[in-house]
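Going by the order they are written in, the chains are A, B and C; count residues from 1 in each one.
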Amino acid sequence: MTEQPRPLIEITDLVKQYDVLPVLRKLNLTVHRGEFVALLGPNGSGKSTLLRLLCALTRPTSGEIRIGGWSLPKEINAVRAQIGLVSHKPLFYENLTATENLTFFGRLYNIPATELPDRIRQMLDEVGLIKRAHDLARTFSRGMQQRLSIARALLHQPDVLLFDEPYTGLDQLAGGILDDLLRKAHQSGRTIIMTTHQLERAEALVSRAVIIKKGVIGYDEPINPANPPNLVKIYTEVTGMVNAL
Amino acid sequence: MKSDVSAPPNGLRVMTIATIVLTAIGFVLAMFVARTDVDQGDVQRLFYFHMPSFFGAFVAFIATVVGGVNYLRTRQNRWDTLALAGVEVGLVLAFINLLTGSVWARPIWNTWWTWDARLTSAAIMCLTYAAYLMLRSGIENPEKRRVFASVYGIVSITTAVLTLVIIRIVPNTIHPAVIGPSPQNAEGAFEFSQNVALALGPNFIIWGFLIPITLMWWRIRLQNRADVVQLRKIEALAEG
Amino acid sequence: MTTPLWRTVFSIIRKDLRAELRSRELVSTMVLFALLSVLVFSFALELDRTARQEVVNGILWVTLVFASILGLNRSLATERELGGMDAMMISPIPRMAIYLGKMVGNFLFVLVVGLVLLPIMTILYNMVLIQIPLIATLILGVFGLASIGTLLAAMTAQTRSRETLLPIAMLPVIIPLLLVVIAAASTVLKGDDAWNWIAVLGLVDAIYAALGLLLFEYVIED
């Protein structure tokens, strides 16, 4: 029997209360390197809060989070350096060009100045924005903004990628491009956690589905892409509600 | 969370009774025992409440700073409650300070109000703390509200300190300083005699410390009970 | 693992300057507002020669304060609109760097407004406003505005009524600064030695900057 490698993300007894209102109630979750986890659940179940806690945007009421052996909030910047976040907000500046935005964030992640231009070009190429490298971000369509966001999140080569409702506001075409980018990121060995309401999309992409219900894990199973389970049915059973997009 | 039985704790009862009795005694000392000022007449008696109530306000605003700093450090709601109590009580005392000053100024300076540096800074101080209350009501997220209020409560003390020191730094104020040398333009100064000290001393303790502390205590108690009600409401909604 | 403080601060300043050079929305709004304000004051007050000398500093600073409120609102709102602030918050940088970066940027933008106003008011009010001690009070005064203003605007930018809340929160709090800066500038115009006042101004700046450095991280975190 081989020894299990240490999980990349360990969440123990995580509690988050807003004032007296509990959002997460003693949530436990471990994620191993290379997994692609879909975080599902109705609005207000706490999945977005969990992502915000993972990237240290908000602090837990109690409980522990360890990522890559570093613990929050003590070694907060070590954790931050390993995480890339793509949210439904673009998280960049509209009055800067794509390249300028990435240069700025590259500096914040302390990427050496000698490496940065090459890395930015490579990133923009990967997300298909190389032709628009010197255009202002505010001239981008929603889908292109999303891709620039992904380039920003990947720039510092993080181990963990967090996606918060990445399909929000994307049309069919842009959604398809996002599917491909997610698949590529997963195949390159990154660990991905994504919240979404798009159950069919999740079914086809992810390696594991987790459903959060009222602040705890209600369902947690690996997904075999060759023979995916019916997530829509499971979702309805676990949460007791029909998934509304 | 404190228990929510209706009887106030013994300490608060003792404080309340002591404050009421002593306030009455202080009133008698100021109004009847102290000798009438030769130049200014009876209106000078207002001074025994005027200056002490400013110090009471200052003490309350210091409590706001203490509450704010500790809230940011510990994130315990009771510190924010203290800060809020400090602002509300401090504002009441600051208004008493302005009101007594204004009534005194009418015969002495021949005006209710003048744009003197100290008067202006006292008014600005009141507005700062009124802004504190507005800021609080402008934020819906309760956690954020407490953090922002703590920060603003700490920043605001600069205006209270300014009001305190301004007659020492601005040369042309007409506001007298009773203790220590008055500015040369000051009008309506009077001698700090033993007679004045007799009435000022007790009233200084009463208005500067007893009244603000007792009022803040009641205010904190009120807030705690309101929080309990709020909690029950949320629980009831969650169950219902 | 943490990106060095100064590298981060310079990156943030460069980012703000670059965006501003391109759009010019902050400085141009502030300058236009400031010019209008100066003109409105001179119409409204119908000043003669001596009265002008008395109030010129008041007009300059009231104008700068309101202009800076406009700029600060805009500067911190930009960080919230597309989530730039969140993006900075999740990167491994010292929180203090965000304050210093935004503060220096705001300082420079408001200083530009002040430097545009000085020669214009020199002409309009027929008074020599371009003097070294006066420029020193301008720099220190604007520094104070930016240091406390960045802290307060970071708060109000997160509220529903941010445009109205910033002036209400900021005006009373900057009165000590205003008082000292006008005292200093008036002393200069009278031809007296104002360096004592300028030293007090430095002290006020130090207090505001210390408050900003200590409290900013609480204001931006969730």
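Some observations on this one:
Here, a contact is a pair of C-beta atoms (placed from the backbone, for glycine too) under 8 Å apart; a residue touches a chain by one contact, two chains touch by 3 or more.
The structure presented is a predicted model; accordingly, all values stated were derived computationally and were not measured.
Here the chain at the heart of the shown protein, by mean C-alpha position, is C. The chain pair A-C and the chain pair A-B differ in C-beta contact count, and the higher one is A-C.
For chain C, the chain whose average C-alpha position is most distant is A.
The distance from the centre of chain B to the centre of chain C, each centre being the mean of the chain's C-alpha atoms, comes to 31 Å. If each chain is reduced to the centroid of its CA atoms, chain A and chain C end up 38 Å from each other.
One inter-chain figure worth recording: chain A and chain B are separated by 51 Å, centre to centre, where each centre is the mean of the chain's CA atoms.
For chain C, residues touching at least two other chains, in rising order: 222. Remark: chain A residues 18-21 touch chain B in the complex.
Remark: chain B residues 141-143, 230-231, 234 touch chain A in the complex.
Residues 52, 55-59, 75, 77-78, 80-81, 83, 85, 87, 89-96, 100, 104-105, 107-110, 136, 152 of chain A touch chain C in their complex. Residues 72, 117, 121, 124-125, 127-128, 131, 134-135, 138-140, 144, 147-148, 150-152, 154-156, 158-159, 162, 166, 169-170 of chain B are the ones touching chain C in the complex. By the touch criterion stated above, chain C contacts chain B in their complex at residues 148, 151-152, 155-156, 158-161, 165, 168-169, 171-173, 175-176, 179, 183, 200, 207, 211, 215, 218-219, 222.
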